[in-house]
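Each structure below appears as structure tokens.
Two complexes, one shared chain (chain A), two partners (chain B, chain C).
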Partner chain A sequence: MRTSRWQIPALLALILFLIAFPYLFTQPFLQRTMILIIMWSVLGLAWNFLGGYAGQVSFGHAIFFGLGAYTSTYLFTEYGISPWLGMIAGAVVAVIVSAIIGWPSFRLAGHYFAIATIAAGEIFAIIFRNWKTVGGAVGIYIPIVRGDKLIDFQFHDSKIGYYYIILAMLGLAALTTYALERNRIGYYLKAIREDPDAARSLGINVTLYKMYAMALSAAFTAIVGTFYAQFVLYISPNTVFALNISIQMALVAILGGTGTLAGPIIGAAVLIPMAEYTRVYLGGRAGGLHLVVYGLLIMIISVYQPGGLMAIYKQWRQKETARKMQQVTDAAAAGKEG
Partner chain B sequence: MALLELKGVTKQFGGLMANYDVTLSVEEGEIVGLIGPNGAGKTTLFNCITGYYKPTSGVVRFQGREITGWSPDRVCKTGIARTFQIVRVLKEMTVLENVMVGAFLRHPQAKDARRKALEILEFTGLAPRQDQLARNLTIANKKRLELARALATEPRLLFLDEAMAGLNPSETNDAVTMVRKLSEQQITIVLVEHVMKVIMPLAHRVVVLDSGQLIADDTPERIATNERVIEAYLGEKYRAASRSH
Partner chain C sequence: MLQVEAIEVRYDDVPALRDVSLEVKEGEIVGVIGSNGAGKTTLLRAISGMRPVAEGAIILDGVPLHTLKSHEIAAHGVAHVPEGRGIFAYQTVLRNLYLGAFLRTKEERDEMLDRVFELFPRLYERRNQQAGTLSGGEQHMLAIGRGLMARPRILMLDEPSLGLMPKLVDMIFELVQRINREDGLTILLVEQNVLESLEVADRAYVLETGSLVLEGGGRELLDDPQVQKAYLGM
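The block that comes next holds the complex of A and B.
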């Protein structure tokens, strides 16, 4: 897509707005919602590496989220290792596990890969529910460290510290996506998504590149897993290894538009406030209603616009360009006549 | 030394012998036509050479090196490219992006791959369409794009699986000119084709498959009068036609 004149100023304005946000909006609920929107944007972008660019739809990404959360939390509670180091360790663990899952399951095509990832996700949930060393089904509470220092990865007086950490993660994920789109790996992943057999004929080791995409995807997901653990200060198999997380990651990317940079961010910006508000306003009376809304959304997107919100935007731009071209030719024709 | 050598290549699918004991060689710089009736095993043979199938038995050598059972991507890296009988363009990518994917094999940097791709688009006449999505091309241009993409991997040997099927006479002419130009650039070509009028003047040598077996391997002139080939494939009409010339 070509950049139009207003795109760069608009992007700069958005970045400034995001940086200024915690000072413009000081209510805790708004700040918390914004942190969640950004967190889910990063998760959507992470899912997008594999599900969007490489076209391998996964419903098991909670595995990497959970591994990130558990690795840093376990290292901190047992050995006092900084969550920042734990975050890196969690990413490494997630990458290794992604290779172990990916290598056999990438032999499966299409829907069978998606099914295999659901199964793998459930296996991890069951293992962690029964693994006493890491708290079993009860999970782990993270001891509170006062002082709100960046090095501790905990903030109690205000949420602003968390806000800027997750915003930095969004920046990193967005830049990685931007670089990927312009790099050989990005082209190869798209080729694999479009036609794996054609990709092979062009010298692409399909399984290897899918594994690269999954490793990248797993690493980012695990990093956000650590963030989540530090943000909530409590993790359990039912919260971090939940199928819900896997589905919401996919949904954020699919709603916004897979295989694009802006898609997952737009998806999160639409879906997360909706989920939060329905939870707050209807939670007491109609628990789980936001899940019904998700179901409807999936149906609507898959029937009417598999390309997501980004595709609607692109179509609008194409029409707009065509309309302007028409105006120019009309004007030229009128000029000739006159 | 032959560029490509097949020795006793056999491919069995359950009870079906798709290829049986095929032995042939392709010399550097040749244009070889591969013909035969539907179901003779032409595409299967392509697939056995380019790594999509693993031969049940037999040996495939390229530049003297055994490549039997190599994966398609490894075969491509060693210098063999192919197109598909049913076009497989990368639909949601632009023409330029399609060719860049091929060019990345020898040019890992995006700007180098882009330069190479543009060069090939110029050569194949697709340059004016470089920003179009591949799915919006006509069938003739899709075939041309597949060829361009294969060329971008800089092959020494190129397999064209019915590159001219479904093209109108003028498009076919363009395709024939293209094959000749490639041959002049030292690219060895093996093409499967049904249109005899195309194969006969173009190929230096014609190989005929029937029921998975190689039944003839000769110059186009001698193939046209070969009794076995006429019986199996060309048909009585062809004999009559070639007599009247």
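The block that comes next holds the complex of A and C.
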């Protein structure tokens, strides 16, 4: 993407705003909403590595989210291992599982891959519901550690600690995406997305590169899974291995625009406040209303602009550039005549 | 160099190629001509591993290609320029060419890039443009250029003249000949444009509904009454 004059100052302003946010807005509800927006931005970016750049639409990413949450939580509750170490362990587990799922399912093309990921997601939900060692269907409560120390990954007096941790994760995911866009691996993935046969005929091992993308995607998703567990302090198969999570990850990226850096962040910024506000204001009376809105959004995006909000913005900018160039040529023509 | 030995290729049990044998020698331009649906594209897809070979063998200098995967076949020096070009429309011209050199070192890539720009000055002019914004003829040039970037031992072209205006068709065939002569590149050319391809081909095969019915020198086939009647309308 080309950068225009105002993009860098705007980006710096956004970063400063995000850093100052918890001090500008001290209400717990706003802080919580912002944490969720950022969390889903990171999840959208994570999904985007596979779904956006490699073009493999997954509806099973809750697997990696759940594995991250369960690995760190189990290691902490059973062995007292710091969730920070558990987070790394969770990412490793997720990468291994992504290879086990990816190896057979990348042989499937298009829709069949998406269906396979839904099935895989359900298998993991069922396993964890019945696995007594990790709490079965009841799940695991994470014991509260007072003191709000960074090393404990728990904050009770204020949510600011969580806020900066997830903001740092967003920074990491955004930088990784930025690097991927400029790295040859990013170009290989885009080539695979556009035309897998042509990519193969150039000597690109398509399955292998898809697996790289999935591993990267799984690792980031698992890290956020640990964050979620520490934020909520309770996990169960129905919350972390839910199909809902997989769908929302995909939706955040698709709404904003897949295969772009800003897309998943914009998608989360639009979708999450909407979900939170409908939940708060309509919660009791119309639970699940936000799901209806999601459904409508999917329909609107797929009919109107499959490229998402980013594509709508790009279209607008192209028109704007064309208009300006027309003005310049008109002016030049007028100058010649005069 | 390349031997196709009695291969059969099927789509859902229906054979698209039956008992097809052909040979390409080092430094040759070999044409495979035939009408729509004769199995020309299937033949190239079988050689480059995108279509499984049910029977028979495909051998490149002793290496059995039919047992390998597409990307491994590419690594053995087979470049397939697909029909309908198969360029990456949302990436720049330069990026498309770089992708062609996936298997090459940076030095080899840059050296080959100079050669491709020498052959196709238009691609140099448009190197930073998105490939999808090129004209049809330029996209053909890009597809061929991308195939060359791999420094293949054999370049397979699937209907490089398809959908181009006559002037551009002449230009593409001239380039095919130039690449063959100046770079010593072996070329397997699949075409519906019988007249032009027989003029540049050293040898050619005629494919009809999945079987080879004729073979001979390019000029020889041009003079063949059967070919003249069926393909040249004489």
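Please note the rule applied: the second predicted complex is superposed on the first by the 338 of 338 C-alpha atoms of A that agree within 3 Å, B and C clash if a C-alpha of one lies under 4 Å from a C-alpha of the other, contacts with A are read in each partner's own complex, and residues count from 1 in each chain.
FYI, a residue touches a chain if its C-beta (ideal position, glycine included) is under 8 Å from a C-beta of that chain, and two chains touch if they have at least 3 such contacts.
Being a predicted model, the structure only gives us computed values, none of them experimental.
Chemist: Quick one: on chain A, after the overlay, do chain B and chain C clash, or do they fit? Just give me the call.
Modeler: clash
Chemist: In the superposed arrangement, does A:A191 touch chain B (first), chain C (second), both or neither?
Modeler: both
Chemist: Of the partners chain B and chain C, which touch A:E320 in the superposed model: first, second, both, neither?
Modeler: neither
Chemist: If you stack the two complexes on chain A, which partner ends up touching A:E78: first (chain B), second (chain C), both, or neither?
Modeler: So A:E78 meets neither chain B nor chain C here.
Chemist: A:S201 contacts which: chain B (first), chain C (second), both, neither?
Modeler: Touch status of A:S201: both partners.
Chemist: Taking the superposition on A as described, I'd like to know which of chain B and chain C A:R182 touches: first, second, both or neither.
Modeler: In the superposition, A:R182 contacts chain B only.
Chemist: Is there a shared patch on chain A that both chain B and chain C touch, and which residues make it up?
Modeler: 184, 187-188, 190-191, 194-195, 197-206
Chemist: Can you name the residues of chain A that touch chain C in the complex?
Modeler: 184, 187-188, 190-191, 194-195, 197-206
Chemist: Applying the document's contact rule, which stretches of chain B touch chain A when the two form their complex?
Modeler: The touching residues are 50-52, 71-73, 76-77, 81-82, 84, 88-93, 97, 100-102, 104-105, 108-110, 113, 149-150, 152-153.
Chemist: Enumerate the contact residues on chain C facing chain A in the complex.
Modeler: 48-50, 69-71, 74-75, 79-80, 82, 86-91, 95, 98-100, 102-103, 146, 150
Chemist: Residues of chain A touching chain B in their complex?
Modeler: Of all residues in chain A, those touching chain B are 182-184, 187-188, 190-191, 194-195, 197-206.
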